[in-house]
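Naming follows writing order (A, B, C and D), and every chain is counted from residue 1.
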Amino acid sequence: MKTKKKNISKWKHRLHEIIYEADTPMGKWFDIILFIIIIISIILVMLESVKTIDDKYHNYLFTAEWVITIFFTIEYIARIISIKKPTKYIFSFYGIVDLLSTIPLYLSFFFAGSQVFLAVRALRLLRVFRILKLVRFMGEASQLKEAIKSSRAKIAVFIYTVLILSVIMGTIMYLIEGEEAGFTSIPRSIYWTIVTLTTVGYGDIAPVTPVGQIIATIIMILGYGIIAVPTGIVTVEFAKQGSEGSDDKTKETDEHKTFIHTNTQVCQNCNADNHKDNAIFCYNCGNYLNEH
Amino acid sequence: MKTKKKNISKWKHRLHEIIYEADTPMGKWFDIILFIIIIISIILVMLESVKTIDDKYHNYLFTAEWVITIFFTIEYIARIISIKKPTKYIFSFYGIVDLLSTIPLYLSFFFAGSQVFLAVRALRLLRVFRILKLVRFMGEASQLKEAIKSSRAKIAVFIYTVLILSVIMGTIMYLIEGEEAGFTSIPRSIYWTIVTLTTVGYGDIAPVTPVGQIIATIIMILGYGIIAVPTGIVTVEFAKQGSEGSDDKTKETDEHKTFIHTNTQVCQNCNADNHKDNAIFCYNCGNYLNEH
Amino acid sequence: MKTKKKNISKWKHRLHEIIYEADTPMGKWFDIILFIIIIISIILVMLESVKTIDDKYHNYLFTAEWVITIFFTIEYIARIISIKKPTKYIFSFYGIVDLLSTIPLYLSFFFAGSQVFLAVRALRLLRVFRILKLVRFMGEASQLKEAIKSSRAKIAVFIYTVLILSVIMGTIMYLIEGEEAGFTSIPRSIYWTIVTLTTVGYGDIAPVTPVGQIIATIIMILGYGIIAVPTGIVTVEFAKQGSEGSDDKTKETDEHKTFIHTNTQVCQNCNADNHKDNAIFCYNCGNYLNEH
Amino acid sequence: MKTKKKNISKWKHRLHEIIYEADTPMGKWFDIILFIIIIISIILVMLESVKTIDDKYHNYLFTAEWVITIFFTIEYIARIISIKKPTKYIFSFYGIVDLLSTIPLYLSFFFAGSQVFLAVRALRLLRVFRILKLVRFMGEASQLKEAIKSSRAKIAVFIYTVLILSVIMGTIMYLIEGEEAGFTSIPRSIYWTIVTLTTVGYGDIAPVTPVGQIIATIIMILGYGIIAVPTGIVTVEFAKQGSEGSDDKTKETDEHKTFIHTNTQVCQNCNADNHKDNAIFCYNCGNYLNEH
């Protein structure tokens, strides 16, 4: 009896290792296949949204959709049974996205048209960031993330200033241009201001009065100039990151850093990841990690 | 008599502390509530400007408008009576904005349509920068401001060059393209040049002759390239700020710096703010600050 | 006889000092008045180009135009007689611009419509850069110029790459999109590519085929990304300039530098400027500079 | 017999030196003439694509086209016979481009309309980068290339993030805006998102619903902000390159560096280039290089 239970535990453990981690050949293959299937599933949703293609190949697309939904269902169940505390996964961001990516087709039996929500599947692309753990890009990504994180406060102040500027300028343009030029309301005017300030410039709305065009000109030059601010913030932050990474630390440390990032262990108990390379127990719940 | 006068003074002082400062619980709450009401008042003005919404909910919006106007009136009067020299507030930038944000609805009794100027209220958003003193963002904002300030001269030269370039290029395009392509006058041509140079590109006016398109191409590449100039200026300035802040000064100094910025004392006599953390007297008029 | 000649020489010298230099009160006033008249003359040309305004105020504009033309004529003659070698001025860039800014109205007697070339006057704005020598902005401007100059080779390589990329991409888009989408010829296709690559995006031409839109997407992301290249070049150059100016040299040197730039002496003989502050003879032709 | 063979070899060697290298007067002239002819050939293809010009000057263009095709044919044959292992050239990128630039006009005898593929000739412009080896720009270009290369991983992560963001945002916009606003399918929606995110903003598709416009606003500010990321990456990389080039190495080394880049030797045997300045044997195949 005890042996059987241990066998089940071992079997679950192996499954967990394949699905959640990427340091065994099987685990790597699972991640690569999952990556490909996610890409295919998203291309499928895209193709279905194109009328001409959907009309012609509806049956093929529909079949493929079901094959993928069944695969996702199996994956979802496997993820639940292989983890010790299923709720940790079910109510995590990825757990919810995985459910929402799977369920619409089943719901379409009861509620016609609910397969529209298959589009949620696009969010599964985010999982790819996790899969990418395999490769050395992860180190670069985390460096980028770090730089953006530490300049967060400055960027918040910047965006806040841009928004206030847009509200004030948008209101002024509404008073000046009026209805004829397409500035039919203040929100619409603010929308136009942001379109102009960010140098997007659709041209669906454009000022027609001389005064409006002069103010539009000021907004454009402002927008052209203040893009320097986020650029400056992020560049300085990158430079700091770079000098920290290359000046202070020796080459050994650099290798070490990369090595840490290639550890793909995920705790079977609490789903925590990003463990240190030489970790034997989970830093979060103390669960034993490498029981092979 | 003396006691009464002192009581009044004390009462006024408490009011001043609540309205102008933010280091007491009441002062903080006042600022937060004011912030929310300003946001609501601006949203109201926005909604009123949208025809379909105004037609449907005119009465609700009108009532809400009056509630806010009365709150702003009370705030305006409180600001005047709690300060020792009311003219200091009344003729300050914020004093004028506060008045203009309040008065249009009253004026609409006498002059129909004057509630259009409620839009001035958008300028009250600027006060939010003051309210933000509460939080640590202020330090970041002042750093940004410092960087932009010290690169002001360079940015002025840059904008001046851009404007001259626009006038010359706009004139050339007017001579080349002529009326048919929408380049109906030199000012309009200059407007188009700025739209192109800043990479906004509405498309309401676009060159049609081959020569015009070649020059347009040159303007675009110019605009694409010279954006590097303000970016370079600001980035270098940020880098300077950053190295001054992190290399030379110790961690203690950094904390000190943040501490200074959290001081929200405002002189009751002359309305000066940004006092040093350990200031007992106003640096501007010598008035005693912390009389609790 | 000799005295008279010397008087004439002295009188010419004073005129030269007023017109070409800016270190006497008269010289400063002349520059400021000239600056204002240039601005007015350009505004005049602009207003004349606006049909509705020209129809209404034609006579006023015409009179003002003549007043300015006469002033420019006097200035032009004064510039010629006050300099020792008039050809040095006449065939210089500014000499030609000054002539072309003055002559069209006279020519309009013989050739109707030649006043169109009054627009050349916009080039006189460039002279303002010279007038600005007065103020400290000049130091900033020369620093900007220096930075751009020393990154010239890199920017040339960049622009060259952008152009080749545009030709190749434009040709590909022409083959893919064809006539219907507005890609009627390869030059037009290249024009569109540059409009897209520089993120201007007029929308007068836009891809319609799926393949075309995919390539358009690639061009956009390319354009969005490679703007980093000139920005990086110029920023690094600015940083170098900044560190050269602030680290190595002491404060004294900085003042000295500013001082040099405020010297507005112009050699009466050969028209050379940018003399050293303590220069007594022209560095170019050896002429005595400060004969008061 | 042996002498004759050696003569042939010598003759072939001279030809190789002229065509593939640029350190003899003949070699330089060949490169300059080739450069001019490539430019002319591309202008020809452009002009032919413009209907109005082609209709008028068809015969002239057709003749010029043949002259250039014959020149290119001779060049192609010369390149093959002057190299020891012709396959090395024939199946190289440049070999294929050269063939495709030459062959369409011959093919047009058999397949009407195949001269459309003359446009491939635009790719020959890339050869100009090789020709530029002559001048000092090459050093700058290789520095740029180096900087971009070493930030490749970071840029890949950035582009990947932008693409995922576009897919998710595009899908959301498709669900919100629907068919009426032009968001007819998910791919089209993603195309619009990239147009907006990169601040190109054609305006061929633009959101009309309030919610859509709010999300569009978010995408714009995102796009406006995240351009800072590639800029920061490349700037920091440039700064590193610059400091490596100027701080650590002496002036001698700099000259040495430039000197290396001016070596235009190309191995006659294996077509390898970028040899060291003092190289006597090919670093790739060991073939003797300088047999004059």
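Definition applied: contacts are C-beta pairs under 8 Å (C-beta built on N, C-alpha and C of every residue); 3 or more make two chains touch, one makes a residue touch a chain.
Which chain is which protein? Per UniProt: A, B, C, D = Kef-type K+ ransport system, predicted NAD-binding component.
These figures come from a predicted structure and were not determined experimentally.
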Chain C against chain B, contact positions shared by both copies (same if over half, else different): different
Chain at maximum distance from chain A, centres defined as averaged CA atoms: C
Inter-centroid spacing, chain D versus chain C (mean Cα positions, whole Å): 34
Chain A-chain C separation of Cα centroids, rounded to whole Å: 48
Set of chain D residues in contact with two or more other chains: 158, 187, 199-203, 223, 227, 231-233, 235, 239
Chain contact topology (line, ring, star, complete or other): complete
Residue ranges of chain C in contact with chain D within the complex: 153-154, 156-158, 164, 167-168, 171-172, 174-175, 184-187, 190, 196, 199-203, 206, 210, 213, 216-217, 220-221, 223-225, 227-229, 231-233, 235-236, 239-240
Residue numbers on chain D that touch chain C, as the complex places them: 42, 45-46, 49-51, 116, 119, 122-123, 125-126, 128, 136-137, 140-141, 143-144, 147-148, 155, 158-159, 162, 187-188, 191, 194-195, 197-204, 223, 227, 230-235, 237-239, 242
Interfacial residue positions of chain B with respect to chain D in the complex: 199-203, 231, 235
